[in-house]
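Working notes, structure below.
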Amino acid sequence: MLVLKKLLRDIPAVLGLVIILTVALLAIFAWQIAPHPEQIYGTNILRRLRPPSADHWMGTDALGRDIFSRVILGARSALIIALGVVGLSMLIGVPLGLYAGYSRGFGSSAVMRLADLFLAVPQLILALAVAQLLSRGLESAMIALSLTYWPFFTRTAYSETLRIRSSLFVEALEGLGASPLRIVALHILPNIAAPLIVRATIGMGFMILTAATLGFLGIGATPPSPEWGLMVAESRQYLPQSWWYAAFPGFAILLTVLGFNLLGDGLRDLVDPKLRRSR
Amino acid sequence: MILFLIRRLLLVIPVLLGLLLLTFVMIRMVPTDPAAALAGENATAAQIAAIRTDLGLDRPVVLQFLSYLGQVLQGDFGVSLYSNRAIGADILQRLPATLELTFVALIFAAVGGIAIGTAAAVWHNSWFDHLIRLVTVAGLAMASFWLAIMLQFVFSMDLGWLPLRGRLPTGMTPPMAITGLYTVDSILTLNGTTLWASLRHLALPGATLAFGGLATVARFTRSSLLETLQNDYITYERAVGFPRWRIVLPYALRNSLVSPLNQIGLLFGGFISGAVVVEAIFDWPGLGSYLVGAILTADFNATLAVTLVVGVIYALVNIAVDLVQGLIDPRIGKDL
Amino acid sequence: MAGPILEVQDLRLSVPGEQGRVEILKGVDLSLNRGEVLGVAGESGCGKSTLIKAILGISPRRSRIDTGRILLDGQDLLTPEGAKLRRSFGFIPQDPWLAMNPLFRIGTQMMEILRWNGLPGEEPRPIRWRDRARYRAHLVSLLKAVHLPDPEGALDRYPHQFSGGQRQRILIAAALASRPRVLLADEPTTALDVTTQLEILKLLQDLAEEFDTSMLFVTHDFGVISQLCDRVTVMLAGQVVETGETRQIIDAPREAYTAKLIDAHPDRGGFCFFEGAQA
């Protein structure tokens, strides 16, 4: 497709795509790829806190586990969390945005005011507050994160729907007696898919970062899960001697989020050239 | 302009009310029964019921909300489970620390970002430009807790140049509290020692907090300046003999400042969020670390109180940003 | 005092293109005699703007002057030492709407021009506070010379507070600020309406005589040429095709292309374009 070719000429975006695909592969085939799968959960005090070597590329942690293998498996939880949260946010946010954009009057403003309400507090803080109220654990963290991110999808869906709604073909369809549901589902939704995908890609990056932060603070993932943020948190007391323990998981976060950001930027340049910033 | 302010404040009130409602609902959603918790394990049903009446928990929900509203407006957020002090007082005491950190980060991000973005635009397509583009993109992908730890590792543990934690060295008395901002208070009381010490302690947490914002400001400055330099009046200025540096400073730069300034205004909210992590890592006694403590000790009232306060600050900052934007760009400001 | 004041000898300029370099100026020869007004005529794309930019030293970064010399009073401007002589030029740009920086006052911009080109007869140097009054008085006299109403007040106003014709006058005043030996005008009347055009042309005529400046006037409009220019050089596709006295060229153009340009003027029917046409 023409669009794909255009994207492929954008080097940073291609780089982002490559990174994401690599991470995805690592996540899917984690158990097969990891050099020491038995050491992902299996501990051995004798091996603890070894610096990077040929055998352990990223060294070992405080319980003697191979950090490289754990980082690889951590990719799985990072992607699953991010996908789950973004998916849930879209499930909540997009229909609300479609509704707000398509209908007029009280319902529409009510939805947008609700979105404003959830945006009144910075995301991390709201997520922390909500996560605390629900029981401890990963699912609660994911629900909390979704509750902070859905407004972004609502806003995007809302403005895009508004834009399309005022075009003639929608009026024509209404004139023909097509039901609103049909119009929205079959005609509006496909047309706003592109900006939503851009938002989702950027959201993935943001979610991996935020989920890692929650993990770092001790909310969400719990030991012995090989979640990247959690690993960095565990590593703190062993600094500065065991620098590899903190450095590598953090670097994995950096690389993965970078991938999503680069791809997201590239997609955004494709979708809305007007917003294109000079490279 | 007053009309604009009034209008914006009026718009903000429903949002804040909604926030209050939200926090109220969330408090009610707490799984444990506060009356039972307060009464202790061996309380009888009658004692629990008595406490419930005391706390007003048996009245209709609407009345409970109204009294909650009244309390909040008076600054009464209840008592912290952890510190056993009034949450309101705790927040007030810790607020200046967070504000000082946020302001320093804003200055870093604004000055650093504009300077770096300008340099990258002026040396367009040089190795420096490419390096900056790489670093700014990576900066936004970096977990701030990781950056904090790495900075601590390099500058504090390894090189020993900067302190590891806290606002002042252990044992040093803070300057007389006029604003609560140690730097300002040090200047006001002409206390050079605390000024220097507090600046040193602000360096690493401020830099950590600022990093993502600096990257964004640099990006926006760079692209805005590049765009400005395409303009005909820039060609004219070159034609009439202005040297390159003079064209940028002050001319092209002033034309390019709108979008970076916009970003700087938006940074504040993000910094409050970021402060949570940074304060936790650097042992900074502000709202962020208070929140983390409240979460780890399941102190719901404290958590929600901080959420509420942050929401208010955020709303006020957004209004201020809109105001400043209107002042800079008269086209937006005609609404003022 | 013999010899042309400005001379272009066999100038070749190229820019990068899809396949190798593309020549924009293909060996241009031009000479401007002291005290005369030389018109450079041609349709859009013939290279006349490129020529002016090369003379001014503001060619786009990726263009390259392959051969040729640009001589001001015998000195080659394309050498590092010669480049400094460019402050003897005054430049009048094409579009008064776009040429001035919208965020700075007229006075500030004109003062900056004096800073880098010097007061008449003086070397350029930083403007000290005590000299400001003197510089300012000079700017006021210039604005008076171009018949701008309220010259004192004008210095403190912003570009958008003036009409197109007034801005062009200001730009002319700016061009004359350092008493240049050569004025380079790049189609300065194209963006103005016809009445204003006539006023500006008359102004330029008077000023050229009063200040005894030689002028290079780029335009595609032979009506303007007939009124203002002593001689005219005609360009097509990066080359000079014809040069001579204005009257001669208009009466008997040697090239068909020149005849086309002349005929393109709406007044061609009557042939005496305006009063004051050069005899």
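The first chain written gets the first letter, and so on, giving A, B and C; residue counts start at 1 in each chain.
Quick note on the criterion: a residue touches a chain if its C-beta (ideal position, glycine included) is under 8 Å from a C-beta of that chain, and two chains touch if they have at least 3 such contacts.
This one's a predicted model, so the numbers in the text were calculated from it and none came from an experiment.
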Most widely separated chain from chain C, with each centre as the mean of CA atoms: A
Centrality ranking, top chain (CA atoms only): B
By number of C-beta contact pairs, the top two chains: A-B
Centroid distance [mean C-alpha coordinates] between chain C and chain A, Å: 58
Centre distance in Å when chain A and chain B are each reduced to the mean of their C-alpha atoms: 23
Residues of chain A touching chain B in the complex: 12, 113-114, 116-117, 120-126, 128-133, 135, 205, 209, 212-213, 216-219, 229, 232-233, 235-236, 239-240, 243, 246-247, 250, 253-255, 257-258, 261-262, 277-279
Contacting residues of chain B [partner chain C, same complex]: 231-233, 235-243, 246, 251, 254-255
Partner chain A, residues of chain B touching it in the complex: 14-16, 18-19, 22-23, 26, 29-31, 133, 137-138, 140-146, 149-150, 152-153, 157-158, 219-220, 223, 226-227, 269-270, 272-274, 276-277, 280, 291-292, 294-296, 298, 300, 303-304, 306-307, 310-311, 314-315
Chain B-facing residues of chain C, complex: 53, 56, 58, 86-87, 91, 93, 95, 98-104, 112-113, 116-117, 174-175
